[in-house]
Amino acid sequence: MSIEVKNLSHIYSKGTVFEHIALEDVSFEVGPHDFIGIIGHTGSGKSTLIQHINRLLVPTSGTIVVNNININEPNVPMKEIVKRVGIVFQYPEYQLFEETVYKDVSFGPKNLGYDEEKVDFLVKQSIEIMGLDYEEIKDKSPFELSGGQKRRVAIAGVIAMKPPILILDEPTSGLDPMGRREMLDMIKNMNKQLGMCIILVTHSMDDVAEYADKIMVFSSGRLMKYGPPAEVFADSKFLADISLDVPQSKAVLERLKEEGYEIDTSAYTTKEAAKEIIRVFGK
Amino acid sequence: MNKKIIELRDVSFVYDSENAPGVKALDEVSLDIYEGEFVGIVGKNGSGKSTLAKLLNALILPSSGKVFVGGMDSADPQYTTDIRKVCSMVFQNPDNQMVATIVEEDTAFGPENLGLAPDKIRRRVDESLKAVGMYDFKDKKPHQLSGGQKQRVAIAGVIAMHPQCIVFDESTAMLDPAGRADLINIMHTLNSEGVTVIFITHYMEEIVGASRIIVMGDGKIIGDGTPREIFSNPKWLEENRLSVPEIVALSTALREGGLDIPPGILSEDELVEALCRLK
Amino acid sequence: MKNDVVVGQYYPTNSVIHRLDPRTKIMSTLLYIVFLFVAKNIWGYIAALFFLSLAVIVSKVPVGYVLRGLKGVVFIVCMTLVFNLIWTPGEALLTLGPIIITRQGVMASINMAFRLLLLITGTSMMSLCTATIALTDGIEALIKKVPFLGKVSHEISMMMSIALRFIPSLTEELDRIMKAQKSRGADFESKNLVKRIKSYVPLLVPLFVSAFQRANDLAMAMEARCYKGGEGRTRLRILKYQKIDFAAYIIVALAMGCIFATRYIPFKLI
């Protein structure tokens, strides 16, 4: 297993009037090549959770094992953790700081102490993974790029450290519809072609439905459901209870079923749902 | 036809960026917007939407061409304040548009600038905060609010100035789905009370309820029509880096699969109804 | 809220002091500070302490909160004490090797310690009893009366208010950037001073970029809401002295009179 979280709880400002339970008894395992989608409302504990996976936060109780290392053991250096887990925060373009794209992307690998040749290789590779032209962009200032390019450079700066596990928090926010699709396709590619374990935090049901192999649903600091999309979306009443929507295509299938049609409601992507509706309503 | 509230005549806007002088953000755009409309504006990143928005509020002035707001020429400095009174604006980042350290003080900011009497300001502050459902939060500090609540306060600050038209410049982009839905509800309520709404967004499903959609591409208006008309052409939208709402995509797939449902379906209800009519 | 950054330290109660006009509170505090320096001996400080305690009781702010303000300055107070104690020349009381403790030194450090402690608790009382917004309003109104500053009083108070408004946002932002750079292997705890200073570049550059972006956004939002500076601007809240303010001024004057009178009470410690 790539990540093993056991009985993780996190309480902010414990013992004061501001005490707030952000995570409560969360346990799960993630495989080395999984594509996990995490959904839940603002304040459901998602972002607290991801910060635990590379020790930005320390659990109040519970253990986190990443690639067989218990990351909260006192003798584990931070470098060993960031080598294994990369985090792309929301609006990552706000962490750019160097004069050139090359220098900015090389910040991570240099911090890991790699030699120049290796840094060079990693920077080039990660800029290309992000669909940018290395030669054209490497000497530009990151601040003169377009919004979408900045975002890609910022993500390149994280994957340049070659983490086998990559966590992304809302990587598509603020992008235009095509930009969103391109970004998600790129992430899917990292998972399928490069074998990276992806954890995608998002508000979009349609995105997790289409891209994730497994979905975690968080609500009030608890992991409510964890399984393949079909399984998670099967219980639409439960999702409605914690005021999350099912993907729209699935909602249509369920409406048709309510109307009395003999229809299979298990599909959750547009394509699959269309197939099922045509099967029932076509001649 | 209602009265024209906004009129753009051959408007271009050129600016110098660091590495390229003379970038044309808007290229001879002409556009009329009428009182009471709910206009959605979409377009890929960098298509000129935000530039267009800022022109409507005299925050920037056209490089060439004319912008009239409520009949007033935006280039004439004597009208600047009046234009901003007619046409107000809610921005993208909820955190960067609150001026004061307390909610109600922030709502009062606009009316204070207009030089209204204190008792009148008080009335407007209370009624505006009630209109967006934030009256109970009037003594809160900005950092005690969620993103969606901050945006509602921003709207209160704007409606306290009694504008005839409000431009929402990607005001939902940084919110979660619940916050977004709230904001859109408020927009529709305001619109039903007669306020002209101009709403710039990247989320196609948010403007299904608009009365008109304008599509921007490379500084020009490349599409202008009702949601039905605009969303009936998914391929063309995709070519312009846009998309259609999920329901439209599903309906299109069904029509392509040979089902006899009408074109231009926009909502779940319409689709279910059309399907039920088949069998 | 997990990151409830408190700026200022307003402690809301319904006390008379809370209801006073902010100008009354600011002026009283200023007077109080002046009289701390007018006071010459321990009787003066005891009088000041007495009136301050009275204010604390009336304000209904828990004593713990009032004293919390002292925590941050204990070190500074101790340092001043030590310096005064060993570096004041005069009549030697005690000789410890090269260090000579003088009578004047002891007196000076007692004076200093009392003054500092009373000054800090006094001002923190003001901020505990006055909401930040009232404070900036009060300062604006008072500055207006100052001949040289009157013209820019609005600008000064606007600047203060915006600074207060954005401190929590920028603190949060800094935290976010720090976490992002830590995730890229940045080390902010290096023992080597040069390395450590260098390690702040990846924090400060994004923070400045973001601060400028915010300033730009805010300026735009203010302009869009018809802001044209202080001229022609009215206020939701207008400061108006009430009867309790006049009463407060009289009480403060009497108190100051008492402190002044203590100058004439003879005092000799050693």
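In this document, chain identifiers A, B and C correspond to the written order of the chains, with residue numbering beginning at 1 in each.
By definition in this document, a residue touches a chain if its C-beta (ideal position, glycine included) is under 8 Å from a C-beta of that chain, and two chains touch if they have at least 3 such contacts.
These numbers come from a predicted model, not from an experiment.
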- request: Return the chain pair with more inter-chain C-beta contacts, choosing between A-C and A-B.
  value: A-B
Message: Based on mean C-alpha positions, I'd like to know which chain lies farthest from chain A.
response: C
Whole-Å separation of chain centres (CA-atom averages), chain A against chain C: 45
- request: Find the geometric centre of each of chain A and chain B from their Cα atoms only, then give the gap between the two centres in Å, rounded to an integer.
  value: 30
Statement: For chain A, residue numbers touching 2 or more other chains are none
Field: Sequence positions of chain B contacting 2 or more other chains
entry: none
Query: On chain C, where are the residues touching two or more other chains?
result: 1, 4
Query: chain C touches which residues of chain A in the complex?
result: 12-13, 18, 20, 22, 51, 54, 56, 78-79, 82-83, 85-87, 89, 92, 94-97, 107-108, 111-112, 143, 157-158, 161
- prompt: Can you name the residues of chain C that touch chain A in the complex?
  reply: 1-2, 4, 173, 176-177, 179-187, 201-202, 205-206, 209-210
Message: Going by the contact rule set out above, which residues of chain B touch chain C in the complex?
response: 54, 57, 59, 81, 84-85, 88-89, 91, 93, 95-102, 104-105, 108-118, 121-122, 125, 141-144, 154, 157-158, 161
Statement: Residue set of chain A touching chain B in the complex reads 41-42, 140-141, 144, 146-148, 173-181, 203, 206, 243, 245, 247-249, 251-252, 255-256, 259, 261, 270-271, 273-275, 277-278, 280-282
Statement: In the complex, the residues of chain C that touch chain B are 1, 3-5, 131-133, 161-162, 164-165, 168-169, 172, 213-214, 217-218, 220-228, 232-238
